[in-house]
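When the chains are written out, they are named A, B, C and D in that same order, and each has its own residue count from 1.
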Amino acid sequence: MPSEVRTIEVGYLTRVEGEGRMKVVARDGKVEEVVFSIFEPPRFFEAFLRGKHHSEAPDITARICGICPVAYQMSSVHAMEHAFGVSVEGPLRDLRMLLYCGEWIESHALHIYLLHAPDFLGYESGISLAQDHPDIVAMGLRLKKAGNEIVRVLGGREIHPVNVKVGGWYRLPTRAELDHLATVLDRVHDDAISTVALVATFPMPDVSRTLEWVSTRYPGEYPMLGKTVVSSAGLDIPVHEWNDWFVEEHVARSNALHSRIKTRGSYETGPTARFNLNSELLSPGAAAAAHQAGLTAPCTNPFQSIVVRAVETLHAVEAALQIIDGYRAPAAPAIQFVEKAGEGCGASEAPRGTLFHRYRLDAKAMITDAQIVPPTAQNQLSIEEDLRLVLEKHIAEPDDRLRTILEQSIRNYDPCISCATHFLELEVDRG
Amino acid sequence: MDRARDPVALFAPETREVLAVRRETADTVTLTLAGGGRGFVPGQFAMVYAFGVGESAISLSGDPYRSDVVEHTVRNVGAVTAAIGALKPGGVVGWRGPFGTGWPLVRARGGDLVIVAGGIGLAPLRPVILAVMADRGAYRRVALLVGARRKSELLYTEQLAEWRARFDLEVEVTVDAATDNWRGSVGVVTRLIPLLDVEPSRTTAMVCGPEVMMRFSAKELLRLGVPSRNVFVSVERNMKCAVGLCGHCQIGPLFACHDGAVVPYDRVAGLMEVREA
Amino acid sequence: MERRSLSPDGIRSLFVALQQDGFRIVGPAPVTGSVTFAEVGDFDELAIGLGLEVGPGRARVVESPAMFGAIGGPESLKRWQHAPQRVIWAGERGTNGFTGSAVVEESSGPVAFFGVRACDLAGARVLAKAIRRNLDERDLTIALRCTSFAPTCFCTSMGTGPDVPEGGADLVLTEVAGKTRMFVATAASPRGEALLAKAETKPASAADVDKADALVREVAAAMPRAFDPAEARSALAAPASGWDEVASRCMACGNCTAVCPTCFCVTVLDRTDPTATTAERIMRWDSCFTPGFSEMHGGPVRSSTAARYRQWVSHKVSWWWEQFGTSGCVGCGRCIVWCPVGIDIREEVSAAIERSTAHV
Amino acid sequence: MSPRVAVFKFASCDGCQLSVLDAEDELLAIVGAVDIVEFPEARTRREPGPYDVGFVEGSITTPEDLERIKQIRQDCKVLVTIGACATSGGIQALRNMADVGGYASIVYAHPEYLDVLATSTPIADHVPVDIQLYGCPVSKEQLIETITAVVAGRRPDLPSHSVCVECKARGTVCVLVTGTPCLGPVVRAGCGAICPSYQRGCYGCFGPSSNANVASLATAWEAVGMPRPALARALQGFTVGAPEFQEAIRAL
């Protein structure tokens, strides 16, 4: 009997940020090859950061990704502050968290409503979803707008905000600006609650797996601006020990680096990882909504990530309101520090997962070396493992349906391919 | 502020229906709009507004004695003129006017009259010709010199033919390039000026066309002996309001929209001769 | 009219009286980096004890012995008289053409302009002619005569200050800064008088009045002459050459026209909704330095920076006379301070006068 | 029939095309008025050309890009470039300056492995472009203005004058005159003068304005303690590839 070979290829993945492709091959019902690859052209950020002044890093690295610029700004300022031996705390740090809440709300709402929900509801896009369910999409846009409004008010604009600097801010928000944000957030609080309830009703493929979940941690907070890195397998290290535990590798078919935990292998970072490691730190409303949605840690079905994202969105709305409520303006928009040579590491929680930065600075505080490890590169291996699992489980499905589920399982990670192709050195194995 | 007297009310156009569209050349049409010209003087213009696209200064090009309709001849050079030029009968434009100064018809009475037009510059002069012909006895010799780049760019060709057939009107037409079986005069319109059979000291000249053409025409007319105060040109400048509020149309101390567009050449000679760029 | 004197607390009571009368109050306020006119909700939001150290292309906030010491901040009354941007017409497409109407500015309540100077008032008068719109008759002006001046000031040359002309304001204050701050007030209109009656005042002593007047006279005497407006008018009447040197410094950025209290030029823009069924026309500040300003199809009439600078200066000090019967420049010096490269209109006009006399 | 619109991506961060989705208030009206038939970031349905309007994000950095942009030009009636990457090569055009940093050598170390060009160039270097939207990222307002203007047949309002015009209209006190270096006077307006309103100088993400006079700006920078090399460095940002800035950097 001739062997049956099924190849499913998606040459250009849609509804993800950046340019990637997917290919799976099964022979006689057995998975033979699973590839999620990235062909977005590299832009050499780490290379041209060399020779730039440390103060330029937040603005430059923001341009790695238009969907999570705040994450880049945060990880880079933390790395620089680490290098100078200072740390930004108190209200200045609270404002950073507030900005980050804005990015989470914006990015999660975008992903949930415009990119991912269509998969669950059988639409090709949020645009066509809006034709049949304008109320649902309008709710998503309201939430997204509220998130964007935080970033716009604190940062000056929604994409590549201009107000973040090493040591703090260029300008502090006024009380009136913060009150305006509180009003905006109050208005979407119910939307955020409804979103959790809505996505919890989505039909989910029934898949379960456990893997090593990784996130940053800051005592007493659901992670955003991390101090340490923890994992479900017991890892608990200061951020600056990152390179002792994690390693990036070059893989032939991809314009990006893959990372793994030394000696252990693949891991997952992102909303599910954060939730599984920190669910007890969610805001009260978010914790209640998660409970009501039947979501408990550990969440092992990758398709439930959409529910986790909705819970995190609600958490961000509530956390933002709490920050605004408790905010007392500090004396100055930024702390003073002495520039010096050294090395600094910083990590924070981009909507898609942990984003690690490391810089070496010379005596003039110019960057001599930069390393950036974005979440999508870290998740690439687990994305492929999920694809394998889903393929095995749904191998009986017709090609079209199978392709849809496979693409959907990639979108579980909200992959951000622009981020992944930041890389420094190129060693392409062309086999 | 005295909000009641907010002058922005001056910017509000009335709406007018397009009654007829006549194609003049590949890029130029003449529109007939419902509603009169409010007693406009030949040489005046209106602000014509295409909904959602914008407003342009466009001369009144029709018969000044008609009080039921106005005509505009529009050359498509950009977004607004394209939108106006694409209108069909039944379409609607916004309209405010008439604005600006007119050609000095009263002053020209009893003397010779020379009309020099280049390209679309014939549009604001057509009402002059129509007015003169309705009252032909009031003027002595009347000459019309028309220049165009080529035959296919001549405006009002049927009317031009009628005018040429008349004995009481001297009409000379010239093109820059002899294409499309052109058998008439070739060369720039200014070359026809020295050949004019008029009494210079009793002549009024009205010139409209591109700025260089007006400058050279004026020079030729002065050389012929026409007094500089009798030479009139039409100055075009970017106009955003037509009521002297936007500042765009200034040329020296003049606001082209209300001190012009028609001005005696001696008022702008100094301004037109220095290259502003 | 009788002159009264006010202590700082008296000034506060004047402010409170304005608030009670329902005025929005525009006065000198500290804004990041400067002190300038802004709307304030409370007396303590005013720039009390602050001054400005200004020069060509430079401004720094400093402490001031005077209660209101700042001269030369970027804002004049223009922002309240002639909004930077507003919708002037709105229309809608219908089955038969379209309908629309002018959008006349809504009144947002009368404004009290507090602490405005002679040049600011002159600027507002000159601007009113150009935009054919006076200040609202319900607005109130509380002027402050200058008892000091900035190195960029040249109101005496332009005949606009430092004294406030009769009828130029509703109430005129003169600050006599000494060990104790004190103000001499003159009501200059019945409304000014009514306002003054509501404040804590006492009769001003002859000595105080003399001192106040002397201070203003001293300013007038000490301010250097910039140029002769009549000479400027004729020297710049015809476009001449000679503007290349200033054009090598001018960035055509438009800051000068924006801060000028009398520069009035606007552009009109169109906006539509995504389906092009509704449209708006917007009026927005423009500047003779922008490339679109003199655009005709084929390019701008004035493409070079030299042509644009010449246009601006010639209009200000010469052509304005023919258009509006006055100089367009009131000598406030804002264009000098707020030009990032400190181009000084006094020097450029003087140079042009020199060039024109050298030609004859 | 509503206009067929397409969105294309080259080397970029996706920020500019995301600005389309960031127009939350207008998005549903826009997708009602135009038919977005090609927009891989937002929809799975994809349709081949011809298109009435094509928006192109990103710069040309690979040999395939060179071919793809030519095809896109043929397919689009109106071609609109969006953002600093597409209009001047973006931050990644830093690689074009041979004398900057050590990273050129990183690119050239194994050129045989790379399907990457040595330069990052704007779209208009390769095909004619009808409308350019500047900025890193583009301004959402300008994007909406362009879409609505194309629908209405209007010329979009995209001024080329300096940032200062918007800065003053907004009522921000000039940061340069009060002591902070700012590129505003030589940078194209469009963002609404954001940076000065946040107490920092404009860093030039909209690229050069018309009549940009960088040589004169250098004196204003010197007056606030920033010598010429500092200005040259500041120009090496998100619009480093703009010819006016390249020339100014060489001259400084």
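Convention: contacts are C-beta pairs under 8 Å (C-beta built on N, C-alpha and C of every residue); 3 or more make two chains touch, one makes a residue touch a chain.
Quick caveat: nothing in here was measured; it's all calculated off a predicted structure.
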Furthest chain, CA centroid comparison against subunit A: B
Per-chain CA centroid nearest to the all-protein CA mean: D
Inter-chain centre distance, subunit C versus subunit D - centres from mean C-alpha coordinates, in Å: 36
Centre-of-Cα separation between subunit D and subunit A, whole angstrom: 25
Subunit A and subunit B: spacing of chain centres that average the CA atoms, whole Å: 65
Subunit B and subunit C, separation of their C-alpha mean positions in angstrom: 40
Sites on subunit D at which at least two other chains make contact: 152, 154, 199
Multi-chain contact residues (two or more partners), subunit A: 171
Multi-partner residues of subunit B (at least 2 other chains): 52-54, 78
Chains grouped in pairs wherever the two touch, ordered by label: A-D, B-C, B-D, C-D
Footprint of subunit D on subunit B - complex, ascending: 52-54, 78-79, 82-83
Complex interface listing, subunit B residues touching subunit C: 1-9, 11-13, 15, 17, 51-55, 77-78, 91-92, 94, 236-238, 240-241, 245-248, 250, 252-253, 255, 270-271, 274, 276-277
Subunit B contact footprint on subunit D (complex, rising order): 152-155
List of subunit A residues in touch with subunit D within their complex: 12-19, 40-45, 47-48, 50-51, 53, 56, 59-60, 63-67, 69, 110, 114-115, 118, 124-128, 130, 134, 137-138, 141-142, 144-145, 148, 156-160, 162-163, 165, 170-171, 333, 407, 418, 424-428, 430
Subunit D-facing residues of subunit C, complex: 31-34, 36, 57-60, 73-75, 79, 84-85, 248-255, 258-259, 269-276, 279, 284-285, 287, 289-292, 305, 337-338, 340-342
